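Down below are the structures I want you to see.
You will see chain A twice below: alongside chain B first, and alongside chain C after that.
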Partner chain A sequence: MIELRLDGKLVLAAEGERLLDVARRVGLRIPTLCDHPAVEPEGACRLCVVEVRDRAEGPGRVVPSCLERVQPGLDVRTGSEDVKLVRRTVMRLLLQRAPDSAALRSLAEEIGGKSSGAVWVSEENAGGAGCVLCGVCTRLCAAGGHHAISIQGRGAESRVSGPGGEPPDACTGCGVCARACPTGHIQLTEIAGVRRIWGRRFEMIRCGGCGEATLPRELAELESRRLGVTLVELTHCPTCKRRSSAEKFGELPARRTREGLSESGPMKGVAR
Partner chain B sequence: MTAMGAPVASIDAMSSDTAKRVDRILQKRGTQSEQLIHVLQDVNDELGWLPLESLKLVADGLGVPLSRVASVSTFYKAFSTRPRGKRIVRVCMGTACYVRGAREVTEEATRELGIQNGETTADGEMTLETVNCLGACALGPVMVSGGVVVGHLEAGAVGKALEELKRGNQEGARALGGESVEQLPELKSPEDLQSWRNQTRGRASGPVRQALVCAGTGCRAAGAAKVSEALARWIEASGSEARVGREVKETGCHGFCEKGPLVVVRPEETLYVGVKESDASEIVERTLARGEPISRLLCADASSRKRVLRWPELPFYAEQRRVVLRNAGRIDPASLTDYVASGGYDALSRVLRTMSPEGVIEEIARSGLRGRGGAGYPTGLKWKRCAEAVGGNRVIVCNGDEGDPGAYMDRSLIEADPHSVLEGMIIGAYAIGATTGHIYIRHEYPLALEQMGRAVSEARRAGLLGRAILGSRMDFDVSMTRGGGAFVCGEETALLASIEGKPGRPRPRPPYPTERGLFDLPTVINNVETLASVTRILEMGAAAYAAIGTERSKGTKIFSLVGKARNTGLVEVPMGTSIRDLVEKVGGGVPRGRKLKAVQIGGPSGGCLPESELDRPVDYEALGDAGAIMGSGGIIVMDDRTCMVDVARYFTEFLEKESCGKCTPCRDGLRELRENLETVTLGRATAGGLDEIEEMARAIGLGSLCGLGRTAVNPVLSSLRHFRAEYLSHVEDGKCPAGVCRELARFRVNERCNGCGLCREACPVNAISGETRSPHSIAQESCVRCGACLDVCHRGGIDILSGRELEEAAMEVAS
Partner chain C sequence: MIRLHVSPKLCSGCRSCEMACSYAHAEVEARVAGGLGGLRPGLPRVRVAATGTGAFVPILCFQCDEARCVGSCKYGALERSPRTGAIEVDEGRCTLCGVCAAACPFGNMERELSRRAMVKCDLCKGEPACAKFCPTGALRGASVPR
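== the complex of A and B ==
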């Protein structure tokens, strides 16, 4: 166990724990954007910064809490003037890219960052849901083994896209990227059993039980080969899966309406 | 694929041609994924650009996801994702060139070619690009195409220069010496090395007189290759008897590039400057044969105007202390024999024979050497950390990315004395226990790449790299990486990513590279000059080295003194020398009777110091206290025609474009900061706006991920600290005192005009009229505010006013 000081209070933390996790554990709110539990932290957005001192008197360092690990005797301040200045500034800059993003706006309210209007208005982020380059989507896509999209270009001209801006061949239509995107920048639509994302179209396989579209055929085939599970099993929707196992164990099957299904379906809240 | 038809077939033929060419490159480079950047560079060279199709071939060949290939190919500036013209013309917009008028040169080039930056002419002949420093800063403004450098450009001469480049004047592009043909022994022990040295020394004392021709980038641009050929021809022609005891040798940069081509005749040490091909016969017949100086070729001292015979007596050299540059301009960089004859690899041999790795680290620690790449971290401590890190293999990396625009000490050092850097690296490898090394050199430095490449292969042939070096138990070898054109790759973690074949985006530290570096192995990254200093320290001893310098900054430092100084070039001085001495004694002060206004030290992460701060010594701490940094040692001298707001805007824009784009404050904050500075230069800011700028700058500095963003705001913060009045003058009076910000500056001829007509000739838009010997006047409606008139007038006959002052003056005249 490691003892450190968090906003004046002594707290205990496990070796190697991130400051962000410690702070959240003791109930402090720290805004984050590029941190995602499924991938390694990158420290890109800089919203989660805190000020740390190795000794109480020493000079402070402003560091991202999603990366910084606990150290004995560390003195952490989550709301110092410098921390506020950085968060406010970062928030304002992010809002210039995605002024209408609900997630960003609620963070902004918390932090007190003002919107100075959209600066990055272009065709692709029309609608006020621009990309803030948090890199969550590209990291998730790579972690899933697809490597379909990446950040291309550099500096403010960076763009998330398929290679050369073309629809990516490697995309399987899993939609993980769209689901995780904090600003809703990634367009995913699903109409009449066809999913469209990144300029590609995917035929959806319907659940053998209820007929709900579950997985893109391309992804399902890939996964079925990889996991050695039949397509039919794989494309059963979670509800039907639960029902069939419940039936097996003799419990009462839950009654489902179509609405209820899509509420809890895999694509919750993404089809825009 | 598709149905066969005539047009499809021809496309297929084209693709299969591309496929063949890419395939050949893959065969040469191998198919390891870390070859990605090398392969892309070769494909880019081969095809002129990187079509998506070629990216797919590379991805398949290396087994790397296409998305990663696309991400790499769009990150580095050296890659083009659009077809380009036959010739690429690059205009330097680096700092040294910028303060000498590169903006006007670029504008003129776009006018001449009728295309914008990055575009290609309709006939597919020429593509125009701007670059951030070609390392020929003393010649600024410069333009380069196909290895030909044109220096000292003025806007008026751009058309002619472009013509010349189009005709393909290939003189400067001649490879130095070509493939090495030197006979090298295989050195199996320290004794082998010693006996080889004795042999070569015997041979070296042969010639009675030697003409050393500088063949560095600067002098080559001025025609050094022709001079050296002509000298060789004339020696050849002077008959078999006279030939004995005369020799021409090509050396690396002497530092005095501005005056090139340089020729030094030994043993008299006579220095000739601005030598032309046609001077060769006279040099051979008079100086080489009889030791007679040719007065017209001697260099005049910048202040006393007296011609100086021997180079050590020129103030430019006399005030220097050349420790690291000891060999520069003295030896042939392409010859290992020459290096060994001058005592090279003696330090390594002694280290291997008599010292333990810990002993070497201790010696370096005792010398007080601190990293010359910018941060000034103690080298001994860095080595110790790496040596103590857990892990088997270790790696040493030489950082030759040198992205600071206006600084070129690393380029020059590699071009002039590559083995001294390599020797330092081998010693470092021994100290930390590394078996592999990497040398990273930016692609804008073709000559440095060539010289280092040759040095490495010669060292390998002689057994100074490879297995059991000099018969010891040490195995070590190095490979080279050519940078891809990204300033941020000089940052150590970005550099490592780049060597690993990824986009050069920095990662957070800790873990520091000394714990987890290249491919996760403990890694030491050192700057070129740091490694060359290591060699010297082991030659002269830590105590002697530590005796030079100040309390906390030991030894010497090489500066690249550029901008508005009479003598520009590379200079090496002891730490602790005052900036004023550097600028005034070594640099000879500001030319054309203008006033020294400020000095910018440390490149884009550095700061601007006003004239009143110039008595500070060069020392890591003393510079830091004043808001500047030592950085890599770029010193840009600015006179009263430099606007500090414009300089701050220039650096911010530079870094905005070089930001890797990973973290928010740097990527988007620098853009906003640049825009805010622009409102000042346009006269649209308020006094409150300055506070906003200051706060914004502080936020970026505090919040950014890597050193680029964290220090990017130094030029802004330091100029606000030292030159607030100049900012206020823009904001409150709508006036740019330096006459640089075009929206604000108005020029008017005053009563000191004697009608000489110089300004009339200089004005590019003919806005000035007047009879010779009677007062001239400027037609405000056609004046474009380029300031050309101001720069040529010797009498101070032109005033810089604000719009309002001009109106008032006009009313006075009217009433």
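== the complex of A and C ==
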């Protein structure tokens, strides 16, 4: 165990633990956009900054707590003036890219960052809530084994898209990116068994039993190969699968009578 | 480790288990589903299914030893609790892709209606409410050595 100081209090942490996780574990609120437990941290959004002092004297360093690991004797401040200033500034810049994101605006109210009024939305960024290039979508896409989207372009022209700015061929329509997008920028629609995302159209395979839309065909085919499960079984909906389970495991119950089950079972004493 | 013994022969189809389950998980539901939360009997943590011949079968997760749901998750969101033996969903890691539900051969896992959580039996963290409220003994909880 490692002992460190967090907002003046001594806390214990496991070796290699991130400052962000330690702070949250003891109940401190640290704002983040780009952190996702399923993928490696990237320090992209810079909202989770904290001030750390590892020497007795001199100024502290303001570092993203998602990347910084615990060290013995570290003195961490999560709400110092420097931390607040950095968060407000970062928020102002983020709001320039995503002025219409409701999630970002409510976070801005919490940490005090105001939009400067200047809006810097590239043409490609229009049409959604605004992308802040946090990379949650691209990292999750890679973790899912698709590598369909990535950050394309340089500097002000950077944006998330398929290779060369085209709709991504490798996309399977799983929708993980859209559900995880912290600003709500990525648009996913699913109407009448057709899912649309990243400029592509995905037909949902319907359950062979009841016709309920299950998985996009591209995703189902990929998972069917990966897991060695037939496409038909994979796209049978849970309700229909439970029905077949019942047929497999069900036995006719003991005959019910006014006195309860005819077989000596616990029901006998219950139903009078 | 907790094991749930299911005896379909004793099931009267009263669905007390579904109700008990929804009471036991009401807090979870209120947190993930917001306004849609609260009591939600009929989620697939435990369901009573009827066969074509009129028999009732309580259907719930088997907590398979070699669970296909765990193998199917690409985000490390499904893990077996060492204490109860139940396979649990890590909501932080879960991306709601739905592949685990598709992979489960028995239909014991499903995306909740609000689409904000994957729902499966977690053995109530060690004290299965369904077994406690089953009036016929069709569902019985038992603690077994690992």
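Criterion: the second predicted complex is superposed on the first by the 220 of 272 C-alpha atoms of A that agree within 3 Å, B and C clash if a C-alpha of one lies under 4 Å from a C-alpha of the other, contacts with A are read in each partner's own complex, and residues count from 1 in each chain.
Please note the rule applied: a contact is a pair of C-beta atoms (placed from the backbone, for glycine too) under 8 Å apart; a residue touches a chain by one contact, two chains touch by 3 or more.
What you see is a predicted model, and the numbers here were worked out from it, not measured in a lab.
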Partner chain(s) touched by A:A148 [first = chain B, second = chain C, both, neither]: first
Touching partner for A:L215 - first (chain B), second (chain C), both, neither: second
First (chain B), second (chain C), both or neither touched by A:P31: neither
Which superposed partner A:T235 touches (first chain B, second chain C, both, neither): second
Which superposed partner A:V62 touches (first chain B, second chain C, both, neither): first
Touched partner set for A:L227, first chain B, second chain C, both or neither: second
Contacts of A:V176 with chain B and chain C, given as first, second, both or neither: second
Chain A partner contacts - residues on chain C that touch it in the complex: 6, 8-12, 44, 47, 49-57, 59, 68, 71-72, 74-77, 90, 92-99, 101-110, 135-137
In the complex with chain C, residue positions of chain A that touch it: 36-38, 140, 143-145, 174-176, 179-180, 214-215, 219-220, 223, 227, 229, 233-247, 249-254, 256, 261, 265-267, 270
Chain A partner contacts - residues on chain B that touch it in the complex: 52, 55-56, 65-71, 74-75, 81, 486, 503, 507-508, 656-665, 667-669, 671-672, 695-696, 698-700, 702-705
Parts of chain A lying in touch with chain B, wherever the complex brings them together: 42-47, 49, 62, 64, 67, 82, 85-86, 88-90, 93-94, 96-97, 132-133, 135, 138, 141-142, 147-158, 162-164, 166, 168-170
